[in-house]
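The same chain A turns up in both complexes below, where it pairs with chain B and then with chain C.
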Partner chain A sequence: MNDTFEPVIIGFTCNWCSYRAADLAGTARVKYPPNIRLIRLMCSGRLDPTFVLKALTSGADGVLITGCHPGECHYLEQNYKTLRRYLMLRRVLTQMGIEPERIKLVWASAAEGVKLAQEITDMVEQIRALGPFKSRYPLPLNPPEVAHVQPTAERGTA
Partner chain B sequence: MSKINHSTTERVGVYVCHCGTNIAGVIDVEAVAKWAAEHLKDRGVVIARDYKFMCSSLGQELIEKDIQELGLTRVVVAACSPHLHEATFRVACQRAGLNPYLCELVSIREQASWVHTDKHAATEKAKAILSGGVERVLHHAPLDPLHVPIHPATLVVGGGIAGIQAALEIADAGFPVYLVEREPSIGGHMAQFDKTFPTLDCAACILTPRMVSIGSHPNVTLMTWSEVTNVAGYVGNFTVTVKKKARYINTDLCTGCGICQEKCPKKVIDDTFEAGLGYRKAVYTPFPQAVPKYPVIDDVNCTYFQKGTCRACEKLCPTDAIDFKQEDEIVTLQVGNIVLATGYDVFDARRVAQYGYARLANVFTSIEFERLSNAAGPTNGNIVLRDGVTVPQTVGIIHCTGSRDRNFNNYCSAICCMQSLKFAHLVKERTGATVYNFYIDIRTTAKAYDEFYQRVLDEGTIFVRGRVAEVTDAARMPNEEGKLIVQVEDTLAGRQRRIPVDMVILSVGLEPRRDSHEVAKLFGISCSSDGWIIEKHPKLDPVATMTEGVFVAGCAQGPKDIPNSVAQGAAAAARVLGRIQQKEIALEPVRASVDESKCSGCRICNGLCPFNAILFHEDRMVTEVNPALCQGCGTCVAACPAGAISGTVFSNEQIFAQMEGLLLHNIERPPMTEGVLA
Partner chain C sequence: MSVNGKPKFAMYWAASCGGCEIAVLNIHEKILDVDANFEVVFWPVAMDAKYKDVEAMPDEAITLTLFNGGIRNTENEAMAHLMRRKSKILVAFGSCACAGCIPGLANLSTREQIFEAVYEGVSTDNPTGIRPDFQWAAPEGNLHIPEFYPVLKTLDQVVAVDYYMPGCPPESHQIGAVVDLVIQALQGKATLPPTGSVIGAGTSTVCDECPRIRNVKTIQHFTRIQQLAAIDPNLCLLEQGIPCNGPATRSGCGALCPRAGAQCIGCYGSSDGTLDFGARLMTAFASVIEGKEPAEIERVLDTLPDPVGQFYRFSLAHSMLRAAPVVLEEEEQYATHHH
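Coming up: the complex of A and B.
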């Protein structure tokens, strides 16, 4: 594997638990690699699966999805929907010939800064081992509309 | 990678904070600001500054001045977490005439300088984070917070000591309170107790005056024998449906004289108040000082309801207050805030089979012992064995029954140590028996608690440190005949012991109400997996919940003693009163909305909302989101296959723009160089 490869990971956090876990990791000065860039959502339930596909096609090598623990969702039960979408996404990625390990779901409560930092560290190493994400299909890097992201055409080039 | 092609006419100001050395010690903040001024110029950045402390008044003035002098239309601050200072910078923008929602705070402290050691990489990451913020803020729209009026009435659910305290505080401040209690009387568990630790004042003596105040308070509407069945609405404006179960007593006529209870021929074992140790009648008040004084007829046990005969109470009631035809009544209340003080259930001691409760007659639970030792209880306060006459010579008290135990509950129930010490004192005082306390650790951490422990030690109670393995009646030695034998490893002496006793008291732990998950769902709040209600912040916001306008007090939030329950009841009341005094509350305008022209009426979103905010119009075959009920999670936005639902503050455009910014798609860059993050 290329030693100089530094993966870029887009991470989605919910406002109530996992973003606060990231804050806590900071306050407690827990260290993790700088390869992750976080986007705050109100709830992991806001995660549209196209966000993940868009991140991958826009240059991210992996996507981390985080939320409150099951049963602790600020919006009662929306993280269960995240879980369903995550499982679906892994299947879709596999069908597209993309390693499902490029996406990861982590539950982190507001008290779990250390856990989140560890999960990020593990994921960076995992993506580093997988190597840079190169789609098997020529994807438009900046599609004008999200709806067009999914690689439906030009399958023959795979 | 190519540059994104859409241009902007916005004028963005960028402010990078040093935070002393908290950020500047790791990140080259000047380089970040310079980079933004140069590379994000095409993205609308007209000024990029760095400053020692952006949150200081001078830092804020810097922003305000630039808004006015440079005509900024967007502001991005790269500093600490938005949970800390988002409000600060929004208010600064507002002062300068810029809509506060056109300001974005990105975190380069918690997410970069504090968690990374490589200065170069951290600086590059800070640039990316800032770039994400700039792209995002370009898609922001001016918003107004939602102003919601606060209805002055409050609903308190649960009439234990926490609920009583909350209700009295609010009522004394001059605002109406509805106190709803499931049992026929308020008082809760505290009414069952004999003495309260550590002062040993009689529970009834300190509780009943409070109960009377509730019953007679002009601002309190007391609804006992009632349950909340539905909660609709939102902070400031809840519509609560309460089911008043039929009492079969006309409370306008009843004087509470008690003749019906005296004459009722049907005796029923009282599982609730007397913990199964005593009897009540089929028409009853749980205890003599009950508030309200009106009895209820238990229609499951009443001879008239079961067999159609008897009617003794009806014949003998001097005021004709018995009304067998009464039916459940549904009442609708309008309230602005809700305090949940639903309390706890005690651990079911039968689950620890090796302690023999319900199998060995003289194994008692702590609640049973409370009733035994209570002068108004079934034995008039005489501490006796199950036969009702024999005074025990030796008593073993087992701490932590069902608590601090991986098989049952991991948590400490907080009150059992003190409760066990209180029992030890009472047994000693009333019977002179030898008392053994079997404990894991003694936890006596509040005011005057440890002094009480010292007192019980001085009285000669024997403390054995170790978790009891078994309570059995199988004697091995002559001195064990006819006794209960407590098998325990004395971990201080380092050996197994068998201690014969006459009576065992299990200090059972506290558990969440069996229906706590349903109650939480009813009120739109959440429980931990144990079932305790989750507070907004365990330290800094212990009585608020994540749902605006719903507060929690007492043991519903977690095991606690009477002083702490009272403190929480008062604290919740203070929070409610603050709200009422403000008359209205400003809510974040994070809401979903449906573009009807795009909605296909597929109804995929309809089942996703836990707040019932999504309505479907059958006539037009389109869905609508009620902004008053919507909490802004965005799950429906993510699910809509037509992209018809959008979320303010978290729209697709904003998130995609931030992503492009984070991945630096927005700038012209040289080909990737080694060591620099893509």
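Coming up: the complex of A and C.
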């Protein structure tokens, strides 16, 4: 799309699996592109869809969500909730006219450093092909601070 | 200006349906308290007053303005700035002003798509495809009508807002309570909450106010309420497969809809501490949907045919994404042309 475009990807990792997989990739000197910024959660189940929307509206071009394989979540079944949230988010993005490929879910155990590195590499290329996600979120969610004097009886009747 | 020395009250409607105005009139005899304690200086739905009358007032001359409706066009925005300037306390009144409400769902569509639906839709007889012109050179001079913006904005996206009063419309007993509070504060008997607070509502969720029983049951598909032969009167509606927005919606109405056997559709907006209503609701739905395989989950989600309408019915304009990117692009172009 654009020769100079370097995608920014936020990657949410699980402390027990994918974070260690990424660590393993690092110590084993498996190369993956520097476009991803990893954020560690205790479990993929901690992934609130707000995090994904916040990333996308704060300048990320894509969001990678990773967690333990089905059946291997350290908090039993939380990664299934993540899967459901992810599938709902994809539908919302699609209806908003946003490419659902901007978010991706990958299961990676602590031993799968090579696999994770490959998934990251693939995703960076996919997002590169999609082009930048132009975040147009300049408006404050909360009102700007206003120094408004609270009304008192005198002010009110002045 | 003041003939009787009473603090001044105003109410204005921007892109709104009129329901918020009815809700204020519906506070019954409390409306007499409003009259006894305030001088109503501007309220287009209830009295004859002109914009120029407001313009002529000194800044902050009006003590309390209830502003309902979203910001859809140039007139709405100009009035938002005017009412801000002239008011000490500006309240975003009702879901439209607070979060965009139903008019905010138009943020999924471009101006062209909206105009097409409105001026050439199935219910419109307009064989020559006439569209409004925002400016028209008439023999008597140039005529202007308010210009339609690409994006619907909430009140706090154009001016600073002192308080938010959610609801579509806000419940009458809550309006009455707020009126009481302001009157008490004016008499020095109470203090108003900090600027930026949500007033006339609770802090938790509709589920907290709902008497229906939850059994941590999971569901295999969603059902439209009108398709059910019978609704269990005691059981949580969500657990009966009816997509109820109670888990993400701010308390304050007393769980009116689920008590009456209908799902909460979320008119009181986000509960405390929630940045994005839909994100909160997706999290809640993820806990009740059954399925561990993507295909299985997709089958459940197929029974929610309008995800944005479900998750953002009242909150799209105030959500993190705000509008479809193509619509935001239009907004950007509009802004560069007009500034």
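In this text, the second predicted complex is superposed on the first by the 134 of 158 C-alpha atoms of A that agree within 3 Å, B and C clash if a C-alpha of one lies under 4 Å from a C-alpha of the other, contacts with A are read in each partner's own complex, and residues count from 1 in each chain.
Everything that follows uses one rule, which is that a contact is a pair of C-beta atoms (placed from the backbone, for glycine too) under 8 Å apart; a residue touches a chain by one contact, two chains touch by 3 or more.
All values reported here derive from a predicted model rather than from experimental measurement.
K.L.:
Taking the superposition on A as described, I'd like to know which of chain B and chain C A:Leu130 touches: first, second, both or neither.
P.N.:
Neither chain B nor chain C is touched by A:Leu130.
K.L.:
Considering only the touch criterion stated at the top, classify A:Val114 as touching first (chain B), second (chain C), both, or neither.
P.N.:
A:Val114 contacts neither chain B nor chain C.
K.L.:
Name the contact category of A:Arg91: first (chain B only), second (chain C only), both, or neither.
P.N.:
Only chain C; A:Arg91 stays clear of chain B.
K.L.:
Which holds for A:Leu83: it touches chain B only (first), chain C only (second), both, or neither?
P.N.:
After superposing on A, A:Leu83 lies in contact with chain C but is clear of chain B.
K.L.:
Scan A:Lys54 for contacts with chain B and chain C and give back first, second, both or neither.
P.N.:
Once the two structures are laid over each other on A, A:Lys54 reaches both partners.
K.L.:
In the superposed arrangement, what residues of chain A touch both chain B and chain C?
P.N.:
Touching chain B and chain C on chain A: residues 48-49, 54, 77, 81, 85, 141-142, 146.
K.L.:
In the complex of these two chains, what residues of chain C are touching chain A?
P.N.:
5-7, 63, 88-89, 108, 153, 156-157, 160-162, 182, 185-188, 191-192, 195-196, 274-276, 278-280, 282-283, 285-287, 289, 291-292, 294, 297-298, 301, 304, 306-308, 311, 318-322, 324-326, 328-329, 331-332
K.L.:
With touch defined as at the start, can you tell me which chain A residues reach chain C in the complex?
P.N.:
Chain A reaches chain C through residues 48-50, 52-54, 56-57, 70, 77, 80-85, 87-89, 91-92, 95-98, 133-134, 136-137, 139-144, 146, 148-153, 155-157.
K.L.:
Hey, which residues of chain B end up touching chain A in the complex?
P.N.:
Contact set of chain B toward chain A: 1-2, 4-5, 81-83, 107, 109-112, 114-118, 121-122, 124-125, 128-129, 132, 521, 524, 526-529, 534, 546, 590, 608, 610-611, 631-635, 637-639, 643, 647, 649-650, 652, 655-656, 658-660, 662-663, 665, 674-675, 677-678.
K.L.:
For a test of understanding, state which residues of chain A touch chain B in their complex under the given definition.
P.N.:
Of all residues in chain A, those touching chain B are 4, 6, 8, 10, 16, 19-20, 22-23, 25-27, 29-35, 37-43, 45-49, 51, 54-55, 58-60, 71-78, 81, 85, 117, 141-142, 146-147.
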